[in-house]
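Following: one structure in structure tokens, then a few remarks.
As written, the chains take the letters A, B, C, D, E and F, and residue 1 is the first residue of each chain.
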Amino acid sequence: MNKADKSIKTAGKAAIVKPAAAKPSLLAIKGGKPAAKAAAAKPVPLKSASPAADDAPVIALNLPMAKLTPAMAAYFKKCQDRLGFIPNVLVAYAFDMTKLEAFVAMYNDLMLGESGLSKLEREMIAVAVSSQNRCYYCLTAHGAAVRQYSGNPLLGEQIVMNYRAARLTKRQRAMLDFAVKLTAQPANVEDGDRERLRRAGFSDRDIWDVAAIVGFFNMSNRIASATDMRPNTVYHGQAR
Amino acid sequence: MNKADKSIKTAGKAAIVKPAAAKPSLLAIKGGKPAAKAAAAKPVPLKSASPAADDAPVIALNLPMAKLTPAMAAYFKKCQDRLGFIPNVLVAYAFDMTKLEAFVAMYNDLMLGESGLSKLEREMIAVAVSSQNRCYYCLTAHGAAVRQYSGNPLLGEQIVMNYRAARLTKRQRAMLDFAVKLTAQPANVEDGDRERLRRAGFSDRDIWDVAAIVGFFNMSNRIASATDMRPNTVYHGQAR
Amino acid sequence: MNKADKSIKTAGKAAIVKPAAAKPSLLAIKGGKPAAKAAAAKPVPLKSASPAADDAPVIALNLPMAKLTPAMAAYFKKCQDRLGFIPNVLVAYAFDMTKLEAFVAMYNDLMLGESGLSKLEREMIAVAVSSQNRCYYCLTAHGAAVRQYSGNPLLGEQIVMNYRAARLTKRQRAMLDFAVKLTAQPANVEDGDRERLRRAGFSDRDIWDVAAIVGFFNMSNRIASATDMRPNTVYHGQAR
Amino acid sequence: MNKADKSIKTAGKAAIVKPAAAKPSLLAIKGGKPAAKAAAAKPVPLKSASPAADDAPVIALNLPMAKLTPAMAAYFKKCQDRLGFIPNVLVAYAFDMTKLEAFVAMYNDLMLGESGLSKLEREMIAVAVSSQNRCYYCLTAHGAAVRQYSGNPLLGEQIVMNYRAARLTKRQRAMLDFAVKLTAQPANVEDGDRERLRRAGFSDRDIWDVAAIVGFFNMSNRIASATDMRPNTVYHGQAR
Amino acid sequence: MNKADKSIKTAGKAAIVKPAAAKPSLLAIKGGKPAAKAAAAKPVPLKSASPAADDAPVIALNLPMAKLTPAMAAYFKKCQDRLGFIPNVLVAYAFDMTKLEAFVAMYNDLMLGESGLSKLEREMIAVAVSSQNRCYYCLTAHGAAVRQYSGNPLLGEQIVMNYRAARLTKRQRAMLDFAVKLTAQPANVEDGDRERLRRAGFSDRDIWDVAAIVGFFNMSNRIASATDMRPNTVYHGQAR
Amino acid sequence: MNKADKSIKTAGKAAIVKPAAAKPSLLAIKGGKPAAKAAAAKPVPLKSASPAADDAPVIALNLPMAKLTPAMAAYFKKCQDRLGFIPNVLVAYAFDMTKLEAFVAMYNDLMLGESGLSKLEREMIAVAVSSQNRCYYCLTAHGAAVRQYSGNPLLGEQIVMNYRAARLTKRQRAMLDFAVKLTAQPANVEDGDRERLRRAGFSDRDIWDVAAIVGFFNMSNRIASATDMRPNTVYHGQAR
């Protein structure tokens, strides 16, 4: 092993935290919706909540955290309690409460709210889109979620690498084909594409949800890439 | 003129409504934020508020409008009062109040909230991104906004067609180069790209805002393409 | 509005000339063919014929106008009389009479000569090709022509932005699909593509004409981009 | 050798005609310009002028030859006398004299008229552009021309295959880099690209000529691909 | 969880075998070179050597295993002894001993033979190339190798997802930039690219090795994709 | 002819060697397999075996030839005897006998060993792949092979330029469509693609062979491009 190899080894190893048991993933906590009138005002002490190796800046922009609003403080506390950590994307947005609240509201509605799509399906879309855009943050966080929700570690890897290698149902395949086309060639999506989703059993409301999740991750992928957002290292070991 | 030509002519002509005077454009109304305690509860009668030719469905999905929440009813009324119409993207989202409110909150913060970017600059980003993705809805609505904010009809056209043809300041050019690269090749954005923005005078907070707007329109472009969203015809004649 | 915004506004506004009434567009004047024995020898005084704001150089190359041949002087005069201006592409070519005459001869035959394609259809091809190549000059000049010939301002905008968003007849859609494929992937055009045009009602002669117009604008788009050719500002306001 | 292999062999072999001696190539004959005062009115009997194997249709469209105008009859005769054959592109255009004359006028001016570019350089551009577009007709005909003008058979092959593999002068490399960029990404050509040509010794008039030739072959490549135009087989053996 | 989700879960879970301890990975066993004089003639009983869930066909082509030559039988035995399994790529090639031996000879020389590149660096190239080509088999097998050789699980994930997100040394970055360019745009690699490697400390022999490994995985990725080659499931859990 | 043109002419002309009679091409000599027990130990004096103009370095890396092993010396001698020259790719690999032997073993098995694909078909794949990758070395060497094996000079040119322009059998077309898709978009190859080959008469073993040859030339193209490998000039004149 040459010197360069060794420095990588040293830098990376300690950072992996294997959680004792798989827990609900990501931002998977309802209640962050704007209405949350929660009292909880004391900001979560972020430093202590994260493993040592995560002390590195979350993004490549210098944007100090603002004081959490009561609603967001309560939300961060829930994340800490249930996940054992605050997802870094929330830390990244926390320089501005208006932006954080808008992001959380949209995220929670899309990924955890009512929908004809299962939560696994929504995470599969997240990963297929993020693979197309090669987004390190989202592939890491949402790849873990696919592993968790499916109980199938391989499925998560396959969608990260090339969703065409996964053994999907016809419904799932139609869904991811649409997601990837809408990501790569949005201008070419037309009636025929919607019709294919309908033939695979998706309602018009489901089609909206697919489109909205594809859109959301095309947004998030770009914000993550633009800011060099780093995922919590804990994701890597989850649900393997 | 052959027959096919004629049918197009007949169909399209009446639809154009030239507004008597240019007004603030788009969703450009503050106050739609979730907290909006507004009383205004009577839903805006959408049919009568829109010109006849806009009776065509706004999107290619069958998603009937839900009852507006008081906050959203007030917001729609403001749109009607100040713009003379309800932007079709709002009508499209109005099948679900949670989604509509999340969209409006994020949109208004990004495009109308505090920022080191002028409103014109934000609209220029919206159009440059939408041109890359060839999004008919967003090019129409935000092309009009660039024409209005700049008072320069040519500038709007140029960014719709090819932003490189516009006579931009160095700052604007750096901003749009970043926006287009982040749109077309998000995986390739790195430190050097952020550095170029800093050298052009953008603060780290400004860089976040550029990235967030680029992300937002990469989302909206895809939702519009996935649903065949049609812009209000009134945009076409605005600020020419 | 920040300073940069203002300078754009100042520079651009005055340049827009809204023509009192829509007139036949572009180079749409027969008779420029080489044989034209016309007497008219006095060169058109170009400066006075153009609006003030068009004093900026037409292209980014320093190529002084040559003395017009009698045929070309007559042609320029016709343009001035009927359009109210000389299209800048003609001014650009006017540094060399052989090149100008060859261009005019080919243009007028393709766009105004006998053909199974309507003039609107030819302009639709011009715009769809130019959109693919993002050519500012041709999108501006021929977008105006589509608006004029169709009497449908929206149609012009739609083909500039994304022809798939336009409500086209099957014939028009087949024609533009062929045009865009031939533009973007010429090496992949094969028998099946020609067959699709035939099934949509195009004769072999029509197919030649489609191909020749696609070819012509792939040429013109590149000459315009290579020279930074600027369209007459008057186009922007035409037939809105 | 299997059966399929054999049928190809049979079909192809006889078709190659090795010319006794290299002659000036292509359309390389001045005087086809519209003014051509030539008397020569009797149309060249095309069938006898071409080698047997060239009896296959020149294009995949059924467009019977028209009666040649005196100017074009004279031009075809010159081709036959000097080259020993009529280039198939001329045969293809000969269904319509206006189109043929416009094409010949433009071609002869660009490729054989006065210019700061040598004829070899113009042919190098033709081949580099046609390689980018993978145009069988133009690579065959103009590849032969590069072999002839340069007296260097390898150079022709290299530009057909990948111009970056050729040992070019700085001037030639700058010229072909510009040609290939203008072909592949016309919307991205800007001042810097023109500046690079100027630094390599090209005048503004030379830049126009480069652009015009690039444009012309982007047109011709597409007409050839759209019609499946077949080159005269004689080109294959020329100047090897 | 809906039905489709469940079937995936059932199918995938049992398949993961977490090795008690990390062992040398892949084909990482010298001695498979053609000369191998080994006696070992009894073919490895493949079925028993693989975990139950790997009973699925290794590739989507029906190519029954041939009798192993003594050299290959010895090689398979070594794999079994040291790795605990036979890498599926070897099983795939084992329908033909000439092909298997040629593959093993080339693989072992490139990845395990003498070189100025460390074994980790070679695996990093393998993964960066396979990420560009989105090859499920190679990303899985060689991603595990990067995790093992580096002792840094994150590094493996990062290069799978987007090597630009990894914190690389200048040498490693130059190496992977070259690898990805050579993969994505081989025709554009020129002297400048080689020079950049030299400036990063690579000798000419090292450059050959980089090129040869890039070439090898561009071959293997395509054979794997063409045959739908499935990686041993054991890789997924290795060195996490 | 300007000066730059002339220098090219001088440099290239003498280099072309027209072989008196077509001979078996390339590496087309069996017996280079590792087992080769040949005694022949005296290394072929490479300088004298090659024409003068080939004295230029074979690759852009400084890698001196090693002493040939007896097997390789015998193989080089056979090349010299039968082809009249040593293919430069062998010279390039000859800095390291392990690499040379592995390359020769794999090459000879794929291109000359038993297969359901004719030798012509294998060369057609080689050229179609190399055209996609624009590899000067492989197009030159294998283009000559297609000309030789088919006895149809045009066929070789067509596949170099654009295989879609060749008049292929259905079988050949299916084969090259697969080869080009696997080259350009390996991640998208799926069951349907294999099925298309089966329907065109290819067995599963044939499909492996197609894939392996496509893979091999995707490797060789990249090694050639990475090292600027120059083909023997003799290829250019072969089988015209």
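Definition applied: contacts are C-beta pairs under 8 Å (C-beta built on N, C-alpha and C of every residue); 3 or more make two chains touch, one makes a residue touch a chain.
Everything numeric in this text was worked out from a predicted model, so none of it was measured.
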| Both subunit D and subunit F are touched by which chains? | C, E
| remark: The chains touching both subunit B and subunit D are C, E
| Between chain pairs A-E and B-E, which one is joined by a greater number of C-beta pairs in contact? | A-E
| task | Between subunit E and subunit F, two touching copies, which fits better, same or different residues at the interface, with half of the numbers shared as the threshold? | result | same
| note | dist(centroid_CA(subunit D), centroid_CA(subunit E)) in Å evaluates to 48
| remark: Whole-Å distance, C-alpha centre of subunit C to that of subunit E, is 55
| message | Using mean CA coordinates as chain centres, what's the gap between subunit C and subunit D in Å? | response | 26
| task | Quick one: which residues in subunit A touch 2 or more of the other chains? | result | 134-135, 162, 187, 190, 228
| Should the pattern of chain-chain touching be classed as line, ring, star, complete or other? | other
| query | Which pairs of chains touch one another in this structure? | reply | A-B, A-C, A-E, A-F, B-C, B-D, B-E, C-D, C-F, D-E, D-F, E-F
| Which of the residues in subunit E end up touching subunit D in this complex? | 187-188, 190
| Complex contact set, residues of subunit D against subunit F | 1-2, 4-5, 7-9, 11-13, 15-16, 18, 118-121, 131, 134-136, 139-140, 149-155, 157-158, 160-162, 165, 167, 169, 171-172, 228, 233, 236-237, 240
| task | Write out the stretch or stretches of subunit A touching subunit B in their complex. | result | 33-35, 60-63, 95, 98-99, 101-103, 105-106, 109, 113, 133-135, 178, 182-183, 186-187, 189-191, 193-194, 204-205, 207-208, 210-212, 214-216, 218-223, 225-228
| remark: subunit D partner, complex, touching residues on subunit B are 162, 164
